[in-house]
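Let me begin by handing over the structure; questions about it come next.
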Amino acid sequence: MVPLSWYLLLSAVLFACGVAGFLLKRNIITIFMSIELMLNAVNLSFIAFASRWQALSGHIFVFFVMVVAAAEAAVGLAIIISVFRTRETLNVDRVNLLKL
Amino acid sequence: MSLHLWLIPVLPLAGAAINGLFGRRFSNKAVNAVALTFTAASFAWAAMVAVRFLGMPAEQVPHLEHYADWLRLGSFRIEFGLYLDQLSMVMMLIVTGVGFLIHVYAAGYMAHEGGYYRFFSYLNLFMFFMLTLVLANNYLLMFVGWEGVGLASYLLIGFYFRRDSAANAGKKAFITNRIGDFGFLVALFLLVKHFGTLQYTEVFQKAAQYPVEIGAGLLTAIALLMFVGATGKSAQIPLYVWLPDAMEGPTPVSALIHAATMVTAGVYMVCRSNAIFSRAPIALEVVAIIGVLTALMAATIGITQTDIKRVLAYSTVSQLGYMFLAAGVAAYSAAIFHLMTHAFFKALLFLGAGSVIHACGGEQDMRRMGGLRRYIPYTFWTMAIATLAITGIPGLAGFFSKDEILWQAFASPHGHWVLWLLGAVTAFMTSFYMFRLLFLTFFNEYRGAEVEEHTPVAAHASANTQSPEHGGHTHTVPVGGHATVAHAPQHGHSGGDHGRHGAPHESPWVMVIPLVLLAVLSAVGGYIGIPKAMGGNNHFEHFLAPVMPSLASDSAGQHGNNALGQHAMEPRQEQTQSHADHQTELLLTGVSVLIAFAGAGLAWLLYVKRRDIPGRVADSLGGLYRGVLNKYYVDEMYGAAFIRPLIGLSRSVLWRGIDQQAIDRSINNVAGGTTGVSNGVRQIYSGNIRSYAGWVSAGAAVVVFYMVWVATR
Amino acid sequence: MIPSADYIRILPEIVLAIFGMIVMVADPFFDEKSDRHALGVVSAIGLVAALGATFYMAQYPGTAFFNMVRVDAFSVFFHVVAILVSLAAVLMSFEYVERQKIRHGEWYGLILLGTVGMGLMASAIELVMIFIALEISSIATYILAGFRRNAAESSESSLKYFLLGSFATAFFLYGVALMFGATGSTNVDMIGASLRNGAPTMAYLAMALMFVGIGFKVATAPFQVWTPDVYEGAPTPIVALMSSGPKAAAFAVLLRVLFGTQAPGWFWLVWVSAVLSMCLGNLGALVQSNVKRMLAYSSIAHAGYLLVAFAAVRHTDAGISAAMFYAASYAAMNVGAFAVVSHFASLGERYTYIDAYAGLGRRSPILAGLLTLFLLSLIGIPFTGGFFAKFYVFTAALRSELVGLTIIGVINSAVAAYYYLRLIVYMYMREPLTDEPVVPVRFGAGFAMAMCAAATIYLGVLPNRVLGYALESARTLVR
Amino acid sequence: MLHTVLFLVFGAICVGGAINLLAQKHPISSALSLIVVMGSLACLYLLLGAEFAAIIQVIIYAGAIMVLFVFTIMLLNAGEEERTKGSRIATIFGVPGLLIGGLVGAWVILRGSEDQTSLSVGQFYGSAEGVGRLLFRDFLLPFEVTSILILIAIMGAVVLARPRGEE
Amino acid sequence: MNTASFNPYILTLVTFLPTLGAVLLLIFPRRERDIRWFALAISLITFLLSLHLPWHYRNGAEGFQYELDKAWITTPNIHYHVGVDGISLWLVVLTTFLMPICVLASWKSIHDRVKEFFILMLLLETAMIGVFIALDLFLFYFFWEATLIPMALLIGMYGHERRIYAAVKFFLFTMVASVFMLAAIIWLYAKTGSFDFVVIQQMIASGQLTLSSTAALWLFLGFFVAFAVKVPLFPLHTWLPDAHVEAPTAGSILLAGVLLKMGTYGLLRFNLGLFPDEAHRHQPWIMALALIGIIYGALVAMVQPNMKKLIAYSSVSHLGFVVLGIFSFTQLGIDGAVYQMLNHGVSTGALFLLAGQIYDRRHTYEIKDYGGLATHMPVYATFFLVITLSSIGLPLLNGFIGEFLILAGSFQAKAVYGILGATGVIWSAAYMLWLYQRMFYGNVTHEVNATLRDIDGRERTAVWPLAIASVVMGVAPMVWMNAIDAASVRVVEHTGGQVQQIGEVLGTGTPTNHLNQAQPDNASSQPSAEEHGR
C-alpha cells in the first residue's frame, strides 16, 4: 500500500531535478532533456491523480502531454540545429549576442 | 454748470500726440506752432476757468467734474474726474502759465537741436500729466499724473540719450522716483483698506472722523508713506540724489520740470492731504525736520558747485526743503505761496542760466564765464532780479514767501526755534551761493578761454564721468557732422554749430521775452501775500484757507467735523496771534533780511574783491571741502550700500547659485540618478538563458511560497 | 452526434486552419522566380474570412465539444483582437518576406495556424484544451522567431524563446496537474464550483504554478526577463504579432483562470507583479537605443499596467473590462509602432537603432507622423487609445481604493514618456544623418499602419462601443 | 506490500537516473539516463494501472523522442560540456529558489493528502478501450487540434533544419 | 444672424476652426506664400469669430455662458461640456488675438518646414482655446495635454542651438506635473462618477462628496503642482528661461502670452473652485512662493545677459503677481489677477515679438551686442519703449491696473503681502529700464547695428495692435472688467473671501492706534477664512 503522496513526492523530486538541470547544465541539448524530464514528472502526477480520482481523463492528459512533448522535441531540436549552424556551439553560455 | 476742466490737461496731450505721431514729417516751425498753440490754449482756458471759478459762490467749492469711471468694482470706484478748488487753481495756473512761457523760450533755445518734435511732444506730454496731477479728484488719478511726470522727466533728461551720462541720469531719476512711489502706493493701499475709497472728498471726510493722533496711528502711517512718495518726487533726503543729475536734460526742461513744477508735486500732495497730515503730528514733525535738513544740506553743497546748472539744482532742492518745512509746521498756505514764487524766480534763473550757456556756446562751468553782463544785459538784469528774489531781499517775491515760512517755523504750534535757526542759516548760505553764481558769471572779465586751477577736483567731472564726448575740463568740440543726426546734443556739453564763436552774445527775443515776463512776476509775485505784520492782510492765505483749514492739536476735537467748513480759519488766527505778535514777526524778518545781505556781502568779498581767498579756504578746509564738493559722497554710498551688493547678490547667489546650481543641478541629478538605476536594472537582462531561468525559478519560488502562505494563513 | 452548432462555435479556427493548409500546400506550386504575393493575399483573405466567421460564431453563444470551448462575448472579443493582429502582421509581411528572402508558404501558414491557437486560448474552458492551444500558438511563434535563419540573432532569440517558453510551460502543466489533483477536474467551471466550497492548499500551489506559466507568456515580472532578447532578435512583423496576439490571448487565459475559477488569494501576487513589471520595464527602456528592444521593454511595462486592472478586485467587471480594453488598444498601437519600425528597418533589419531615426520627420513625414501617433498613444496622450486604456485601468484601480498602485502607475507613465519622447525628438528635432530616401511604403504595410492608426484613434475618440462590449463580456466571465 | 517494494525500486531508479542526468558531462550519457528514467516511469504507470499510458510512454518517449535526441547529439557530435561561468544568477537565485519551492511543494503534498488515499496495484485500471472512448468522444476537439500542432511542428522542423543557402 | 440659436455652437466653432484650417493646410496649399497667407486668414477669421463672445456676453448673468453640454463618452461619463465665464471669456479672446500676430511674427523668420510650422500653430491654438472653455475635467485635461505636444515640437523643431534640451525639459516638467493632476481627476471621477466641473463643485460644496482631510490635501496638491509648474511658480520655474530662449518668436509669444495663463487660470478655476478650504489652508506658503517669485524673478532678470532670458524671468515675476492676487481671496485681488493675465499676455507677448524682430536682423539675443539702436531704429525704439512702460506698470497703460488691484487686494488680505509685492514696481522699473538703456541708448558700439533698417510695414502691423491694446486696456479697463468682476465676485463668494464693501472696511476703522494692525486686520479681513478652515 503506497500512499498517493509518495508518488507525488517522487514527481516533485523529478520536476526539481529537471529545473536543476535547466539551471546547471550548459549543453543546450541536455537542458532540453531536463525540460522533458520535467514533463515526465508532471505526467507521473497526472497518472497518480487519475488513480486517486478514479478518472481516466488523467491518462488522456498524459497522452496529450506526450504529443506536445514530441512536437516540441521536433521543433526544439530543429532550432538547436539552426543555432548550432550559426554559432558553432552548443554551450548555452556562449549564446548571448542579445543582451542588455 | 460744467467748466470743461478736462480741456486743460487734454489740450497739451493732443499737442503731444500730434507732434509725437506726425512730428517727424513736420518742419520745426510747424512743430513749434502745434506745441505752443495747444499749450497757450490750455493756459487760456485755465485762465478763463480761474475767472469763472472766482465768481463762484463758496458753497460750490470745491468744484467737481466727473467724466467717466476708470474702475468700478463693487463699492471700489475710481473716477476720471477733476477737482477744482483754490489750491488746484493756483497750481493749474502756475503750471500752464510758467509752462507756456518756457515753451516759448524753448522754441528759441532748442531751435538748432535735432529731435525737435520729440522734445516738444515730451514737453506737452509733461504738461498733460502735471495738470492731471494737480486737477485730479482722487488719489489714483493723482498717481497717474505723479508717475506720468516721472516718465516725462525720464524722457527729457535722457533727451540726449547718446550721452551715457544723460541716459543714466534719466534712469536714475525714474528709479529713484519709483522708490518714492512705492511709499505712495502703500499709502494708497492703506486708504483702500481702511477707507475703501480714494476720492479726495470721501477720504477727507473719513479722515476728519479721526481725532488728532497722539502717538503713531493709521493716519500717521498714511501720511509718512505719502511723504516717502513726496521725498522721491520733490528730491528730499534721502531720495534727492536724482535731481542734480537731472541737469543732464536740456535747460528749459530743468527750468520747467526740475524747478518750477514737477518737483513741487510733493509739496502739492502734502498740502492737498493736509486733512490727513494735520491729524498726524508725528508725520508733520518728520516732514518739517526732513525739509529743513534737506534745505541746509543742499545749500552747503550748492556753495561748492561750479556748474551753473548744478548750483541752481541744489538751490532748488534747498528751496523745496523750505516748502516742506512750511508744510511740516502745518503752514500749508505758506508752502504753496513759496511754491508759487519759487516757480517764478527759479524758472527765471534756469532760463537765464540757459541763456548764459547759450551765450557761451554750451559752457556750463562758471569758472569759464565772468563779465558776461556786458555781453548779455537782459539776461544779466533778469537774473539779478531773480537772485534778489530768491535771497529774500525785501520787496521781491521771495522775500514775502520765505519770510512767511521762517516766521511760521518759529511761531506755528508745530514750529520750533531750532527749525527757524536752521532755516535762517540756510537763508544765509542761499544768498551766498546765489550771489556767488551771479558774480562768477556776470562780473569781472570773461574767462572763456583759459582753464583756471581753482579747485583740485573737477566739479562736474564727477557728475558725468561716463560722458564719452566730454572729458572733464577740456571740452572738446566734436566735428559738427552728427549735428545733422537727429539726436546730437548741442548745448549739453559740446559746443554745437553756434557754439563755435568766441564772444558771447545775447539770446534771440523768443528767449528774452519769457525772461522779462518771469522777472516781472518774481518781482511783484509776492504782493498777493503780504503778511498782516507788514500792513497787508495775507490775501493768498485767506484765499487758500478753505482748502487747508489749520487745526492745532488742542482744538482738533471740535474742529474735526467742520474741517472742510469755510469759517474754520478764525481759530487759526487766534492760534498764531496768541503765540506771538507782530513785533516778534517783524524782528525775525529783520534778522533774516540782514542774513540775506550778509550772504550777499560775503559773496561780493570773495568773488569780486578778494578772489584769491576761496582757493585758500578750500585748501585749508581740505577734506571737508572735498566732501562737500562731492556731495558728501552720497551717490557713492548708495552705490556701495545698495546697488552693487544687490546686483552681486542677484548674479552670484540667486541666478548662478539658486537657479542654476540648486534647482537645475538637482533636477539634472535626479535625471542622472534615474539613468543610473536604469543601467542597473538592465543588468537583469544579461542575455544568459540560465540566468533567465534562474530569475524565473526564483520568482516561481516566491510565488509558490506566497500562495502557500496565504493558503495556510 | 455532435450538433452542427458546435462546429460553428469553432468556425474561425476551422477557417484559419483550412487557409493555413492551403497556403502551405500552395507554396511549392510557385516556381522559384515568380513572386508569391498571392500567398500573402490568400492568407489575408483567410483572416478576413475568419473575422467574418467570428462574427457569425458570435450568434451562437454556448459551449461546444463537451465543454471544451465556450463561445461568449469574452471569447469573441479576444478572437477579434487576435485575428486583427494576425491580419496586420500578414499585411506588413508582404514586403518584409520579399525583402528578407523568406519562404512565404511556411511563414503565412504558421501565422494562420498560430492564430488558431490564439483563438482556442480565448474560448477554451478546459485546462488541457488551454494547454494545447497555448502550445500551438507558442510553438508557432518559436519557429517564426527563428525565421531569419541566416541571422544569428534570429535563431538565438528563437532558442531563448523556445527553451524558456517550454520551461514555463512545464510549470503551467504542473500547475494543471496539481489543480486536477486538488479538484478532480480540469474544467474551469467545475474547478470554480469545487473551489467555491473550500480550496485545499494544493489548489493554491497549483494556482501559483499556473500563474508562473501564464505570467511568463504575458511577460510580467518576474517572468519577463526573456522579452527584450527575443523581441530584438525576432523578425519585426513577428514581434508585432507575438507582443500583441498571443499576449492578448494569454491574458484571456489568465482572466479565465483567475476570475473564471474564482481562485482565491492571488491579489497581492498581481499587485506586486504589476508594480515590478511597470518599474522594471520602464527603467530598462529609459536608456535603450535599439528601438525594437525599447519597445520590448515598454511591452513589459504595459503588461504591468494591464495587471493593475486585474488588481481591481472590488469591481471585477470594471477591472476586467479595463484589462480587455487595454489589451485591445495596446495591440493597436503596439502593432502600429512595430509596423513602422519593420518597414523602416528595411533589408536585413539594419535601421533599428535610434540614430537612424534622426530627421525622419524630414525624410518621410508620413512614417514619422504615424510613428509619433503610436508613440503618443503608448505614452497615453488623450484622444489616443493608449490614454483611455490607462485611464480605465486607473479608474478601476481607484474605485477599488488602490490609491498606492495608481500613484505608482501614474508616475511610471510619466517616466515612460521620456523614452518615447526621445524617439520623437530624434525624428523631428535632429538633422538626418543620410539623405537617402526612405523606401516608399507599399500597399501591405501601408494598409497595416493605416488600420492600426485608425484603431488607435477610434479607441481614443469613441471608446464606447468597445468598452461596452468589454463590460458585457466581463459580466459573462464572472457570472 | 509488493506494490511498495516495486514503487521504491522504480522510484529509486527514476531519481538515480535523474541525478545521473545532471551529473553526466556528456550529453549522450545524459540522454541514456533519461531513457532509464522514462522506462522506470513506465513501470510506475503500470503500477498505477495506466497500461495505455505506460505503453505510449515507452513507444513515444523512449522510442521516438529520445531517439530524436540521440540522433541530434550524433548529428552535431556534441562533446563534453565545458563548465563555463556564464551565470551567477542561476546559482545564487535559481538554486535556492528551486530548493525553497521544492520544499514548500513537498510540504504541501504531504500536508495536502492527510486523507492518505493509498493506492495499490489493480485498484484502478485504465484500459486502452476506456481511454479510446474518452479520447474520441469527450476529448475529440483537443485530439483533432493536436493534428494542427503536429503540422506546425513538421513545418517548423522543415524550415529551421533546412540547410542554409537553399531558400 | 440669430445669435440665440448660434450661441451654443460659437465656442466649438472658434475652438475647432483652427484645426479645420490645419487640416486644409495639410492638403491644399503648396507654395510657402500661400501657406502663410492661408494661416493668417484662418487665424484672423477665428479672431473675428471670437469677438462674438464678448459682444453678446451678458454681464449680469450667473454661471457660464455659450454653454454646450453633450454626452460624449458614456463610460466613463465624459461630456463635451464647454462654456465661458467672465474669466475664461477674455483669455479665449486673448488667444485668438495673439494668433494672427504670431503668424505675422513668423512670416519671414520661418523658412524651413513652413507647412508643418503653421499646422502646429493652428493645432496649438485649438488646444489653448479648449483649455479655457472646457468645463469637463476630462476635456480640460485633454486640451491641457494637447497644448504640450505642438509647443514642444515648435520649440524643438524651430528653435535655436539648445532647442532639444529646452523642448525635452519643457515637455517633461509639464508632463510629469500634469500626471498628478490626472491622478487627482481620476480620483474625483472614481468618487463622484462625473467629470463635470459644475457637478463636482456642487457635490463638494454641498458636502455631498465628503473629502477626508488627507484626500483633500492630495487632490489640492495634485492640481496645484500641475498648475504651479505651468505658471511657473518658484522653484519650478527653471524650464521657462530655457524654453523661451530656444523657442522661435511665435512660440515665445504664445508660451508667455497664453500657456502660462493656463496655469494661473487653472489655479483660479480648479484649486479655488473645487477646494476653497484647502486653498485657504495653504494660502500662506503659496503667497510666500508668489512673493519670492516676484522679487526673485525680478532680481534674476536684472542680471541676465540675454534679452529673452531677461523677459522670461520678468514673466516669472509678473505671474508671481497674478498668483498673489488669486490667493488673496479678495475681489480686488482676483479682478486684478485676471486682468494681469491679459496684460501680461499683451505686453510680454509684445516684448517677445520685438525681441524676435531684432533677432531677425542680428541673430543674437545678447544684450551686449546692441546699444544705440534708438538712433537708427526710432520707430522700433518707440514701440519698445511703450511696451516696456506698460510692462513696468505705468499708469494709463495696461500693466498698472492689474498690479494696483492685485497689490491692493493682497494688502487687504494681509498688509505684508501687499507691501512686499509692491517692491516689485521698483524692481521691474530697474531691470526693464536698464535693458532699454543698454539696447537703445548710448552710441552704436557695434558697427553692424548702425546699418540695421527700421521695422517694416509687416512688422509694424504686428506691433500696432499690441501697443494700442496696452493703451486702451490702461485707459478703459471697465470694458474688460465688467465681465471679469462678475465672475471673480462669484469666485470670491465661493471661496468665502472678501468682497469689496465699505461697510466692513470701515468696521475696522475705529480710529484708535493703528500702526501695529497686522493681527487685528487679519482677524477682520477674513473671518470667513477661519470658519471655512474648520
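Letters A, B, C, D and E mark the chains as written, and numbering starts fresh at 1 in each.
The working rule: contacts are C-beta pairs under 8 Å (C-beta built on N, C-alpha and C of every residue); 3 or more make two chains touch, one makes a residue touch a chain.
Keep in mind it's a predicted model, so treat the numbers as computed, not measured.
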Set of chains adjacent to subunit A and to subunit D: B, C
Central chain (distance from its CA mean to the mean of all protein CA atoms): E
Of A-B and C-D, pair with higher C-beta contact tally: C-D
Chain of greatest Cα-centre distance to subunit B: D
Rounded Å distance, subunit A centre to subunit B centre (Cα mean): 98
Cα-centroid distance, subunit B relative to subunit C, in whole angstrom: 79
Interchain centroid distance [CA atoms averaged], subunit B/subunit E, Å: 37
Distance from the mean Cα position of subunit E to that of subunit C, given in whole angstrom: 44
Touching two or more other chains - residues of subunit B: 682, 685-691, 693-695, 697-700, 702, 704, 708, 712
Interface hub residues of subunit D, defined as touching at least two other chains: 86-87, 90-91, 94-95, 98, 101, 104-105, 108-109, 111-112, 138-139, 142, 146, 149, 152-153, 156, 159-160, 164
Of all residues in subunit C, the ones touching two or more other chains: 128, 132, 135, 139, 142-143, 146, 149-150, 155, 158-160, 163, 167, 201, 205, 228-229
Pairwise chain contacts under the document criterion: A-B, A-C, A-D, B-C, B-D, B-E, C-D, C-E
List of subunit E residues in touch with subunit C within their complex: 73-76, 113, 116, 141-142, 145-146, 148-149, 152-153, 156-157, 163-164, 167-168, 171-172, 175-176, 179-180, 182-183, 186-187, 189-190
Contact set on subunit B toward subunit E in their complex: 24, 69-76, 140, 143-144, 147-148, 151, 154, 158, 161-164, 166-168, 170-171, 174-175, 178-179, 181-182, 185-186, 188-190, 192-197, 206, 209-211, 215-221, 468, 485-487, 646-647, 649-651, 654-655, 658-659, 662-664, 667
In the complex with subunit B, residue positions of subunit A that touch it: 19, 22-24, 26, 31, 92-93, 95-100
Complex interface listing, subunit C residues touching subunit B: 159-160, 163-164, 167-168, 171, 199, 201, 203-205, 207-209, 211-212, 215-216, 221-223, 225-226, 228-229, 264-266, 268-269, 279-280, 283-287, 415
Touching residues (chain side subunit C, partner subunit A) in the complex: 128, 131-132, 135, 139, 142-143, 146, 149-153, 155-160, 162-163, 166-167, 170, 173-174, 176-178, 180-181, 184, 186, 228-230, 232-233
